[in-house]
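What follows is a set of structures to go through.
Two complexes, one shared chain (chain A), two partners (chain B, chain C).
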Partner chain A sequence: MIAGLIKRAAFYTLVGVIVVAAVFPFYYAILTSLKSGTALFDVGYWPTSVSLVNYVTVLSTGTFLRNIGNSLLIALAVVILSLLLGVTAAYALSRVNFRGRSLLLLTILSVSMFPQIAVLAGLFELIRALGVYNTPFALIFAYMIFTLPFTVWVLTAFMRDLPVEIEEAAIIDGATPWIIVSKVFVPLMWPAMVTTGLLAFIAAWNEFLFALTFTASSSQRTVPVAIALLGGAGQFEIPWGNIMAASVIVTVPLLVLVLVFQRKIVAGLTLGGVKG
Partner chain B sequence: MLVVLTAVAAWPLLRTIYFGFTDASLADIGSARWVGFGNYYSVVMLPSGASFQDGLLVDPGWWQAVWNTVRFTVISVSLETVLGMIVALVLNAEFRGRGLVRAAVLVPWAIPTIVSAKMWAWMLNDQFGILNDILLSLGLISEKIAWTASPDTAMIAVIIVDVWKSTPFMALLILAGLQMIPGDLYEAAQIDDVPPWKVFWKVTLPLVQPALMVAIIFRGLDSLRVFDLIYVLTPNNQQTRSMSVYAREYLFDFDRFGYGSAASTLVFLTIAILTVAYVTAGRVSISGAQR
Partner chain C sequence: MIKSFGSVEAIKGVDLDIAPGAFVVFVGPSGCGKSTLLRLIAGLEEITDGTIAIDGEVVNSLPPARRGVAMVFQSYSLYPHMTVYDNIAFGLKIGGDGKADIDKRVREAAEILQITEFLDRLPRQLSGGQRQRVAIGRAIVRDPRIFLFDEPLSNLDAALRVATRIEIAKLHERMAGTTMIYVTHDQVEAMTLADRIVVLNFGKVEQVGTPMELYRAPANLFVARFIGSPAMNTIPCMIESGGSAPRVVPEGGRSVVVNAEIPLKAAGARGTFGVRPEDLSLANSSEAIFTGKVDIVEKLGEVTQIYVGVRDQTIVAKLGGDAAVERDDEIALTAPRGALHVFDDKGIAFPRTPA
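The block that comes next holds the complex of A and B.
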């Protein structure tokens, strides 16, 4: 009886440690973002006073609002493009038989595991040649390298599990491949598309290396780059309060998204993993 | 789709490899001259008759970056595997509030890498950081540590942040593997009165191994190409500079586009070779266990 009690206590302590370790850093960032002036430099674990001055500063000075807009635009465009290309490609890969299909699938998957630095120089040249350097198009284009393989991979795995009879019925009724994809598959694949779309959105929202390299002016930056390069008034002064406020602003929507769609995201991640 | 992937992946990769054999510079990429393997290794003769070796393969900075990356990958992925296993086992147990705990565990994964780097940079701050405060009040350290700045601790700082950020991913993949283990195996073990640790080693671990291997390879490949975390958390630090950071510095900061491309090519080759080695070794050990 007592041994059982100790066991339970130990288990819940472990659970407690895990939860605190996972959540505390973000809690502390929120705490810091609500401090102003010299209160910032007093270490404390509980909120003492609440001041929104850091949020006001971040949103009213500089280009941070513009950066949020850039990130939103780029991430949405990436999601739409990769889903559009992904669904059609997945249809071909799961239904049309051709030689070397599995090899092609493996190659596609390996592209998403690529070190991005390996394509950086070549992409840089290409983007300058296309004249899209320092525009959102550069990043929308570049992000296809990691969202597209993943989207194709998951959607193909999902599409394979759909019964062929459905589309055979459609073919007998005289539907073209495009009609089959848009009228039959898309409604059935909605859950998988939501999952992959979310993951693509998160990946595009968080990306740093390409965003840092392919933008030059501060108004074209995405939020991760903006936060990384957020400077203070003085050369040696780091505006921690502002950085934390900006961090909270870009993270909260993402957190809400992830927690609301928890199950879908976990399913998508493990599908990519377990079947890989 | 294939056209886009070719344009965005295959073509740039080939161009990068090509630039690695040239003396291209950022300002005028088009007028690059072919220099063969000069970026990798060359012997330069001085007018005085003395000679010295030049190129990536004899650059101690490059080898330091390789060593940093490998060290970072091995240590952080091992820690993430162990911790991820613990978290997955906890989440696999039935208890009240499991949904909440799972949600909490997802938090670090959902936070952008740059944000977590900045958050931790603040927590690890030498003067005002909360981590020094906690360790001081617990009596574990006697004076404040400059985590990210000091050469001895910079790598530890990077590993702490990476482990915090990536353990959830590891835990979720392991958890998916755990949930596929049929429950009657555990019931049988319970009837036979097998001690829990033995159940773990003889039942859980072998059955979860495939999922574990996949999780490790995903995380390993991700760590080998690490850039953003190190670039933001410990800028300009020899002790943590990874291969990707090294390559980008030469590409865009030092204006040696060709040399940087050569470094990028080597990163690609290194990772490809390590992947093949891991997959081969993994196959061997799996088939060995089956015998």
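The block that comes next holds the complex of A and C.
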């Protein structure tokens, strides 16, 4: 009885520690973003006065709104292109027998092993040569380097598990490979697509190094870079309030996305098509 | 309609001519290539060598949809995310038919299969039998020249299997002009459904014929053992004489006259003697072919199956349900002359002569 009580207490303490470790930094960021003036430098764990002045400042000055727009555009473009290329590549890699298929898969995987810094210089040259430096295309192109390998891999693994008979039934029905992919496989795979799409979105949304390197003007920057380069009134002032407000603004969409989609990921859509 | 294949390994040269409107069943043990043959006809596999023609048109390089075939799969293979209606209509929509026309045909097919009330449901909300009907419906609406069934009943339970088997037989009657090719390993399905049975073994056709031809006059030992349950008793024998009233001596049995064309020069050769369990009956020892001791008696109600030890082999006999046979009885068995089969040393049957 007492041993059971201790076990449960220990369990909930552990859960509490994990929740605090995960949530506290974000909570403190929200807290800080609501303070103004010198109140910023008082250490306190409960909101004392609520002021939205930091939010107003961040959104009304500089190019922060434009930067959010850039981030959104780039992340969405990366997700859409990655899923489109990923699904079609996954069909070929999982269903079409050709020579060197596993070699190709391993090559795709090995691409994601290079650290960003290793490809930075070469990629910079490439982007200059393509003439897309300081445009959203540069970042869309660069981000696909790390979103495509895992998109292709996850979708290939998922597609391999879809029953072959369903595809054959579609072939008999006269479906072309494109119809098979778009009308039969995509609806069945959409839990996997939501997951990979979300991961790709987060990766593109958070990326810093490429975004810093491949943009020059403040109007082309994405949010992570814009936050890092937020300047205060003087050289030695770091505008913590504004930075925290900006951080909260860019984190909330991610939280909402994950919360919305986590329920939908559960679906067991493939049930019922084949015997079972 | 001629189909000939010469694809290595799985199908080792099959020459087959299927009449339009026939119900043909491919039957054989697992791994004999029957499903592969079906998939070749469907166009899901490419043939290595040879030609497939449908209605005189060579279709080797045509994709499945253009061959005018429809297929029902063992695992139903419905599209899990579509309603029954959309499952049936999918092929028609791809074909670009008009909406009103599609609707009419889907509803007709649903009517035939009595699944109209399920049209709005998803496959996972249906039972196995209902799913298989939807799969058949999906094939019907395409109005195919050839209907292919790949073991469609093997996922159903026994009662449903019989019911669906009868439905398929009715469907064939209704679609008189449509050729049906049906793959199964179940000889009851083969015997009950087929106009013609094709027995396959190791990628080769062993025999083609009506169910009764295969039962009455199996061309070789493989077909003899495969068709009929329990399997035909096959016993090594010595051919005593050929000619007009040929005689053979099965091992452990008495010399008998058989209705078979055995050449005179075959006398003295070894062969195999075959007799079906249901053709054997109790006899007095003077006219018996075999005598032996009963090892096991199985009372099945309408029949009694007995296993009789004759020298070092076991002979199975199917007797009447109330046959008075006990374990350890010494009994004598005989069979009518017309029911005896003789195969040469290569397992090929000697042609049967009319009784």
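Basically, the second predicted complex is superposed on the first by the 261 of 276 C-alpha atoms of A that agree within 3 Å, B and C clash if a C-alpha of one lies under 4 Å from a C-alpha of the other, contacts with A are read in each partner's own complex, and residues count from 1 in each chain.
We take it that a contact is a pair of C-beta atoms (placed from the backbone, for glycine too) under 8 Å apart; a residue touches a chain by one contact, two chains touch by 3 or more.
Everything numeric here is computed off the predicted structure, so don't read it as measured data.
Partner contacting the larger number of chain A residues, of chain B and chain C: B. In the superposed model, A:V132 makes contact with neither chain B nor chain C. Applying the stated contact rule after C-alpha superposition, one finds that A:L109 touches neither chain B nor chain C.
In the superposed model, A:I179 makes contact with chain C only, not with chain B.
When both complexes are overlaid on chain A, the residue A:W205 reaches chain B alone and has no touch with chain C.
Residues 269-270, 273-274 of chain A are contacted both by chain B in one complex and by chain C in the other. Those residues of chain C lying in contact with chain A across their complex are 42-44, 63-66, 69-71, 73-81, 90-91, 94-95, 122-126, 128, 131, 135, 138, 142, 155.
If you check the complex, the residues on chain A that touch chain B are 11-12, 14-15, 18-19, 21-23, 25-26, 28-29, 32, 40-41, 43, 45, 85-86, 88-89, 108, 111, 113-126, 128, 141-142, 144-145, 148-149, 152, 202, 205-206, 208-209, 212-213, 223-225, 227-228, 240, 243-244, 247, 250-251, 254-255, 257-259, 262, 265-266, 269-270, 273-274, 276. Note for the complex: chain B touches chain A at residues 1-2, 4-5, 7-9, 11-16, 19, 29, 86-87, 90, 93, 95, 97, 100-120, 122-123, 125, 127-130, 133, 164, 168-169, 172-173, 176-177, 211, 214-215, 218, 221, 224-225, 227-228, 231-232, 243-244, 247-248, 251-252, 257, 260-261, 264-265, 267-268, 271, 275.
In the complex of the two chains, the chain A residues touching chain C come out as 163, 165-166, 168-175, 179, 183-184, 187-188, 269-275.
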